[in-house]
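Listed next: structures, encoded as structure tokens.
The same chain A turns up in both complexes below, where it pairs with chain B and then with chain C.
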Partner chain A sequence: METDNFEKQLADMTKPDVKGLKHEDMLATAIINARDKSVVSWWWISVPVFIILMLIMKSTFMPGTTLISAMHELESSQKYLSLIFFLISPIIMIIINAMTVRKIHFLSGSPKSINFLETIWFNVLVIALSVLILIIYSL
Partner chain B sequence: MDESDLLNRIRKNPENFSEIFKLYYKQIFGYIIRRTGNFDDTADIAADTFLKAFRNIHNFRYTGISVKVWLYRIATNEINLYFRHKQKHNSIFEHINIEDNSVFKNHIAEDRKEIEAELLRHNQFLSILNELKTLPVKYQEVIALRYFEDKNNKEIVEILNINEGTLKSLLSRGLEKLRQKCNHF
Partner chain C sequence: MKLPWFKRNGIFFIPTAIPGWIILLAGFVFAIYSFIDIDSRSHSASDTLINFVFMLLIIGAVYSLIAYVTSRVIKK
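Right after this comes the complex of A and B.
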């Protein structure tokens, strides 16, 4: 069979068609009423944010203390906890948010305009803060 | 109808999303059934496509691609995920609340009966689809859009977000591979 003939055969053959779907209206109602269940809850983020705010407060109000020294003080007393808060959590947040931005870009119809930034500003902010924590921790 | 008007109305009142359903559900369902050849998987993928579209319609910006192309794009992505992780596929109907589940199941059963009968009336199509499904997904999507959905180059390029040169080369290589597989017909 030549490619041209095969192409014609593909184009000309009859294909199954969908004439009507009885479940359509009920599905539409169910989808419109469906609530979004986000995996990343605010409660999950609040713990590391609380620790970082505490360290910032300490470095601001305690004389002779900087954010870096406060972080390293916590590191020496709580080695594994500080690893989770200042290394593992920021890396996870960067990965989750980068994947979310990619997903939003696709599901927004891949917009090329500045409008897209309005949608993803929060994800970009979380990525920037996570990078900042990683930089401070590595100093 | 002006799509940007419809999008604005949906942003003001999400219930207007039902208009998107009325306009495109049948068409997208048809596209998916002609890719998978299986009613239950199609119902799942179509529902997933529209759920994703509903949850992201507020992010959709009217920048040249139409809602129809956008839905085709989401559906194509969902179909690709289905082919990649078929064993892990969970039914979406377990996660959304259907008001009257028994009525819904009856409707699904009736639709399944009708669609499966329609599939059986197209033996030649099913044989070719079975061979097509053995090819890599990149060939499946261009061949299905061109020959099963009757889309032109411009539409396929928009749906798949690829350039025309890539499309032409995928089409020609894919057709050749499919032709070799279908030689015994």
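Right after this comes the complex of A and C.
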């Protein structure tokens, strides 16, 4: 009698209805977050990039001025502003974007394909620009 | 207030709620005020434009940061 009940219970059991894998949702959310973060990073990195472009223009049109000397001049006249935009901001951008890239790389199963690079190219660009800004600032 | 206030479209955050529109309007008003202020102190058109673009980028950076934070949907 009990065996019959058990067999009936087994027959009634169905597989859980899973429409999508949770892992896929996590990866999709991580990619959307990465794009959002890279856009915010892009806005913040555009300020020092604009300043550097203006300093390059200044060094081109003013004889006897170089990018490095113009940068030192800016550093001495605007100490806190240059510290925020040329040191603190790029470091934060590098950390945030590197962590985002690492998370997507981990969630997507550590791929080595070009598709992965297509997904995170904007984050990589922001990291590269941040490193460039830090190098110029440290000269 | 109920989030999200913004949704991202390309490199811009578009308001989707009234608080978002208020923030965008405040950004515009501050940008216009900055332009008038910079223009009154500058010596040439290029001087005005260079300083105004710099200010516009700072406004954009602060706006995008606020929009990013308020475009999140908090999961309970």
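As a convention for this text, the second predicted complex is superposed on the first by the 89 of 139 C-alpha atoms of A that agree within 3 Å, B and C clash if a C-alpha of one lies under 4 Å from a C-alpha of the other, contacts with A are read in each partner's own complex, and residues count from 1 in each chain.
In this text, a residue touches a chain if its C-beta (ideal position, glycine included) is under 8 Å from a C-beta of that chain, and two chains touch if they have at least 3 such contacts.
Computed from a predicted model, the values in this text were never measured in an experiment.
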Report summary line: Max touched-residue count on chain A (chain B vs chain C) belongs to chain B
Requested in this report: Look at A:Ala34 in the shared chain and tell me whether it touches chain B only, chain C only, both, or neither; answer first, second, both or neither.
Outcome: first
Query raised in the report: Regarding the shared-chain residue A:Met54, is it in contact with chain B (first), chain C (second), both, or neither?
Result: second
Report task. Name the contact category of A:Leu139: first (chain B only), second (chain C only), both, or neither. Result -> neither
Query - chain B versus chain C as contact partner of A:Thr119, first or second or both or neither - result: first
Report task. Considering only touches as defined above, state whether A:Met26 meets chain B (first), chain C (second), both or neither. Result -> first
Report task. Please indicate which partner A:Leu10 is in contact with in the superposed arrangement: first for chain B, second for chain C, both, or neither. Result -> first
Query raised in the report: Touching A:Ile104, do we find chain B (first), chain C (second), both, or neither?
Result: first
**Report entry** Contacts on chain A seen with chain B and repeated with chain C across the two complexes
**Finding:** 36
Query raised in the report: Which part of chain C faces chain A closely enough to touch in the complex?
Result: 8, 10-11, 13, 50, 53-54, 57-58, 60-61, 63-65, 68, 71
Query raised in the report: How about chain A: which of its residues touch chain B in the complex?
Result: 1, 3, 6-7, 10-11, 13-34, 36, 104, 106-113, 115-116, 119
Requested in this report: In the complex, go through chain B and note every residue touching chain A.
Outcome: 14-15, 17-18, 21-22, 25-27, 29-30, 33-34, 43, 47, 50-56, 59-61, 63, 65, 69-70, 73-74, 77, 95-100, 103-104, 107-108, 110-111, 114-115, 118-119, 121-122, 124-125, 128, 143, 147-148, 161, 175-176, 178-179, 182-183
Report summary line: Listed in rising order, chain A residues that touch chain C in their complex are 35-37, 39-40, 42-44, 46-47, 50-51, 54
